[in-house]
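First chain A sits with chain B, and in the next complex the same chain sits with chain C.
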Partner chain A sequence: MDWIQILSNTAESILSPVTFAFVLASLGLALHFGFAGLLNFGIAGFMAIGAYGYALSILRFGFPWWAGILVSIAAAIVFAILLGAPTLRLRGDYLAIVTIAAAEIARLLFLTNTFDDFTGSASGLFGYHNSFREANPLPDGFYGLGPFSYSSTDWWVRIVGLSLLIVVIWLLWALTRSPWGRVLKGIREDEDAVKALGKNVYAYKMQALIIGGVFGALGGVVYALPSAINPTVYVTSLTFFIWTALLLGGAATVFGPVLGSIIFWVLQAFLTNVLPALTQDGAILEGLTSQQGSTLRFILVGIGLMLIVIYRPQGIRGDKRELTFVK
Partner chain B sequence: MSNNEPVKSTGLHIGDAKPGVAKKDPILVADHVTRSFGGLTAVDVEHLEVPRGAITALIGPNGAGKTTFFNLLTGFDTPNTGEMHFDGKSVRGMRSHQIAKLGQVRTFQLTKALSLLTVLENMKLGAGNQLGEGILKSLIPSIWRKQEAEIEERAIELLNRFKLSEKKDDFAASLSGGQRKLLEMARALMTNPSLVMLDEPMAGVNPALTESLLGHVLDLKKEGMTVLFVEHDMHMVRHIADWVVVMAEGKIVAEGPPDSVMEEQAVIDAYLGSHQETDLGVVTGRVDASEGGEKQ
Partner chain C sequence: MQLSKTGKRTISAIAAVFAAMMLLLALPVSATADEVGAEFENQIIGNVRVAGEPVEGAKVSVTGNGYSVSTVSDEEGKWSVGVPVVGVYEVAIDRTTIPEEAPIEEFGPLTRQVEFDLTSTVIANYYFGEAEREEVGILAQFLTRLVYGINFGLMLALASVGLSLVFGTTKLSNFAHAEMVTFGAVIALFLSSLNINPFLAILLAVLASGAGGLAQDVVIWRPLRRKGLGIVQLMIVSIGLALTLRYIFQFFIGGSTSQLPSLGGETFNFFGTLTLSTTDIASMAISIAVLISFALWLTMTKTGKATRAISDNVDLAAASGIDVDRVVRYVWVAASALAGLGGILWAYFRPGIKWDMGEKILLLIFAAVVLGGLGTAFGALIGALIVGIMVETSTLILAPDIKYVGALIVLIGVLLVKPTGLLGSKERIG
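What follows is the complex of A and B.
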């Protein structure tokens, strides 16, 4: 077994745009669920809106790349208002139902053949990179060290992704340590009590839904930055992978989702590389095909999640007095 | 403080003490307020005035509509008909947080401590008009830091008064039931209310804590606040209330100072239950007495 190759592939996932996308989306979910108590099961929908908003405004309307990001943000705000307006006055479970359905509606609208000319339907979108790559200040070439060696284009993707990430982390941190964040946490605990103290609960929930949704959309943008948009990515299981990353790190924390997403992808990358290798002759999983071996990783991730929920329900970074699962 | 007999406010009303009597200086006025759930009329209050600067108790048997009436007054529920004025201002159609902002704060029958916030955070949340609660201003701490320090100072002062300051960094979830009642009341005071509405403040509180809770309620009056509370504990009602309003089957059946109101036949009938064999509907006049009699 080529351990060097396996470890190098694993390490690479730390700086991969997909990991950044997960961190961004799980930070949005942290604001929704961890701080405001909003059950959003449609974060994949926000990501799809972000990705398509970015690519479509470049491909179909000839916008520059940065304007594409602004369009994504605007689209996420509209989507959040559409979801929140009818549901945020109702009990929390209604938001859960509406978000999971709306995310599927969004995905199917992007997937349907009816709008093939516009959305590219099942083949997705590609070839929207010119404007983004032209803005790359790095000279052509290949830079880096060990597993972290990329072309200047790949570095540019990572630099933009990381910059967005830093801005979002700062925003979430600044918002949640402020009195605004305190109101949000109060709403999470009991919104009637907060209403009785004269706070407009509905407005706070809407603000939280919008901001978290924008974070999710930025995740979608970063997902789409390096190569192409594939509509099969934005399925419900993406939502649940992001929930996994969030709960792994700790829902009501700022750095928990960051850590959770990184661990999630490092683990995925490691298992993806190591499990097929273990099915080789003479290794412990001999007898399985390499495909079967690689599928095993979902079983292991599932077991891992169960163990976390049972033994560390507050997540890695969560306050151990604060058991968000057992409320 | 509770060793001294509380000073009762008297002379609050104009004319005879009967349901709907006018007060000299009402802070809260309700007119023709009704609320029905399907066929059941839970609240049907013709007229009620709550006197300013006094402690008013709202009593009545279970199902009398006290809590529903409370919810209507505080905007947590919307009446089918009627008009309500707080401090001379119509609050009809206002939402709960808007009413709260006018200076009318309430507590809940089932205590609502915000469990996973610390005691101090619970308190700070109560303060109104916080600059840092605006989404954009929250990002720049220099805007709200000074106000936050003032709020913290006031919160700690109140926590000292309610003997909770040692718990200030603990999650509210770790408090006992009685301490949560205290915290809820202290948090309500952070809003600087003019009217404090307490929904069963004594429910589930042990006798030792009852004494201190009573003291705190009396202190509110001393500081010039008006108190309206729902309670089943007759001892407390007699002890601290200046005025008692009795509800039964959604209607106000009696009003008056505690000593005299307890003597009234309607109260004895409706609340103390000495006429258990009589239909409550007869007492409130919903059912004709002869018709009620026939059923017996």
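What follows is the complex of A and C.
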């Protein structure tokens, strides 16, 4: 086994756009679930809206790339209002079912042949990169050190992704320390008590849903930046993986989701490289196909999710006194 | 996707059994026109008409999933093509084989995509000119969809009543319930690859599903209830379990679609568009019989009554001497066995077994349960029938690939307007 190659591939995942997308989406989910106590199981829907909003406004309406990002943000706000207006009064697990269904509706509408001319249906969207790549200030070439060597286009994707990430982390950090954030945590702990203080609980929840949804949509944009949009990505499993990353790091924290997403993808990259290698002759998993070897990592994700929720529901960085899971 | 070694062996074994049975089966079935791929259970059928008149000899070709065939329509304008696997196919009609004076370009594309989803037959009709649909009739189409819908709804009901009872007795929204649907089908697939009688294999698979439910309760759910986990925590544990089980299925059967051995029997055709095999009819009969016996169990037996009592008020039930843990264990066994049976029947209906087949209907099961009223078994039954019929009949208006959208909108709508569902009691809104 080529350990140098495996470790290099693993390290590379730290700076991969997919990891950035996961961090952004799990930060949105942290605001929803960790701070406001909203059980949003439709984060994949927000990501799909972000990705499609970005690509469609460039491809179909000829917008520049930065306007595409603004369209994604606007689309996420509209989706959050549509989703939240009627549902935020529902009990927690009902909200979970409604959001997961809404995300599926969004995905099926992007996937259907009926709107093939507009959405590209099952083949997805591609070829929306011109405006984004023209804005690249880096001269052509290949830069970097060791595993982190990329072309100037790839660096540009990472720079934009990382910049969005830093803005969002700062925003979440500032929001959760503001009076607004304290009210939100109050709603999570005891909604009735906050109501009794005269706060409009519904408005606070709606604001949290919108802001977190925009974070999720930005995650979708970063996911779409490097190559193409594939509708099979935005399935409910994506939502569950982001939940896993969030709960791993700590739902009611700002840096927990960042840490959780990075650990999630570093582990995924490591296992993707190691497991198929272990199925070769003479290795521990000899006798399995390499396909079976790589399926093992998703089985481990599922088991990991169960163990986290049972034994460390506050996550790596969380504080057990913050009651994220309402009884 | 690449097949696993064992998966390949299993599939080829099944394919051999399947082919042998179909060979026996194919003899008595009367052939229409030019039958292509009649040995396959999955059929793409259609009609070619210009201004209401059938077109004979129109050449139709079907391509997709590495398979390509063509056929010609018979004197009634009908054609049918069998295909080896379900999936998306492209159907194209040859312009040169249709009378030239017919202005057919005005009436939609000559090439279109069709997709197998829940049924073994898909329809690709070419009606050019006036008199569209008059011959097949909207009523016949509706009745066809209605029958398929009832059949699908009954399978959905088998899966839904269990989810609803588990929710009623333990307050768990069990996202792993759909994996028990897959479990039943996968075990049936495994057992039939051992060359045992297919009926015995189905029976054993249902029993194994029940045992799977028992194991879940003993190993996971009962200890967690003891530990005092909240409902949200339990729900996320069930998501983790769903992911684990789903990928374990993929580990064993790979990413492709496998078929259960055919049970034999004949295929009947009603008013042109509705084809029902003996398996379909038997499947409906089994669903109805099982659901009725389950209803009798719930209403007549002591354990059944205790189950409903716990669903109503767990503290009151415990105070009146009901052993809640014991009843919950029965509920897990029954719920999983019913889901497993639903999965096996659905594997014949779709047709085919895939590692993520359960996930595909998870939200439909939730829709059925919510529509009927969370925690009520009879509500889930009614909800499942409504959802099944709605999904199938909506294809008369909607494209087949968005037929679930209607059901999901109803799911959201019911939760907004009447969160108690059709038969739920008020106190469960929360």
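Odds and ends about this structure:
FYI, the second predicted complex is superposed on the first by the 319 of 327 C-alpha atoms of A that agree within 3 Å, B and C clash if a C-alpha of one lies under 4 Å from a C-alpha of the other, contacts with A are read in each partner's own complex, and residues count from 1 in each chain.
Basically, a residue touches a chain if its C-beta (ideal position, glycine included) is under 8 Å from a C-beta of that chain, and two chains touch if they have at least 3 such contacts.
Everything numeric in this text was worked out from a predicted model, so none of it was measured.
On the superposed chain A, the positions of chain B and chain C stay apart, so the two partners fit side by side.
In the superposed model, the vertex angle chain B-chain A-chain C (Cα centres) comes to 90 degrees (nearest 10). Of the two partner chains, chain C is the only one touched by A:Y94; chain B is not. When the two structures are aligned on the shared chain, A:E189 is found in touch with chain B, with no touch to chain C. When both complexes are overlaid on chain A, the residue A:T10 reaches neither chain B nor chain C. Judged by the number of chain A residues each one touches, C leads among chain B and chain C. In the superposed model, A:K199 makes contact with chain B only, not with chain C.
After superposing the two complexes on their shared chain, the closest approach between C-alpha atoms of chain B and chain C is 11 Å. Contacts of chain A with chain B, set against its contacts with chain C after fitting on chain A, overlap at residues 327. Put simply, chain A touches chain C in their complex at residues 39, 86-87, 90-94, 96-98, 100-102, 104-105, 108-109, 111-114, 122, 236-237, 240, 243-244, 247, 289, 291-292, 295-296, 298-299, 301-307, 309-310, 313, 325-327.
Across the interface of their complex, chain A is touched by residues 1-5, 88, 113, 173, 220, 224, 227, 229-233, 235-237, 239-248, 250-251, 254-255, 359, 363, 366-367, 370, 398-399, 401-402, 404-405, 408-409, 411-412, 415-416, 419, 429-430 of chain C.
Contacts from chain A toward chain B in the complex involve residues 171, 174-175, 178-183, 185-186, 188-190, 192-201, 207, 211, 252, 321-322, 324, 327.
Only residues 74, 76, 95-98, 100-101, 105-108, 112-117, 121-122, 124-126, 128, 130-135, 138-139, 141, 144, 148, 171, 173-174, 184, 187-188, 190-191 of chain B touch chain A when the two sit together in their complex.
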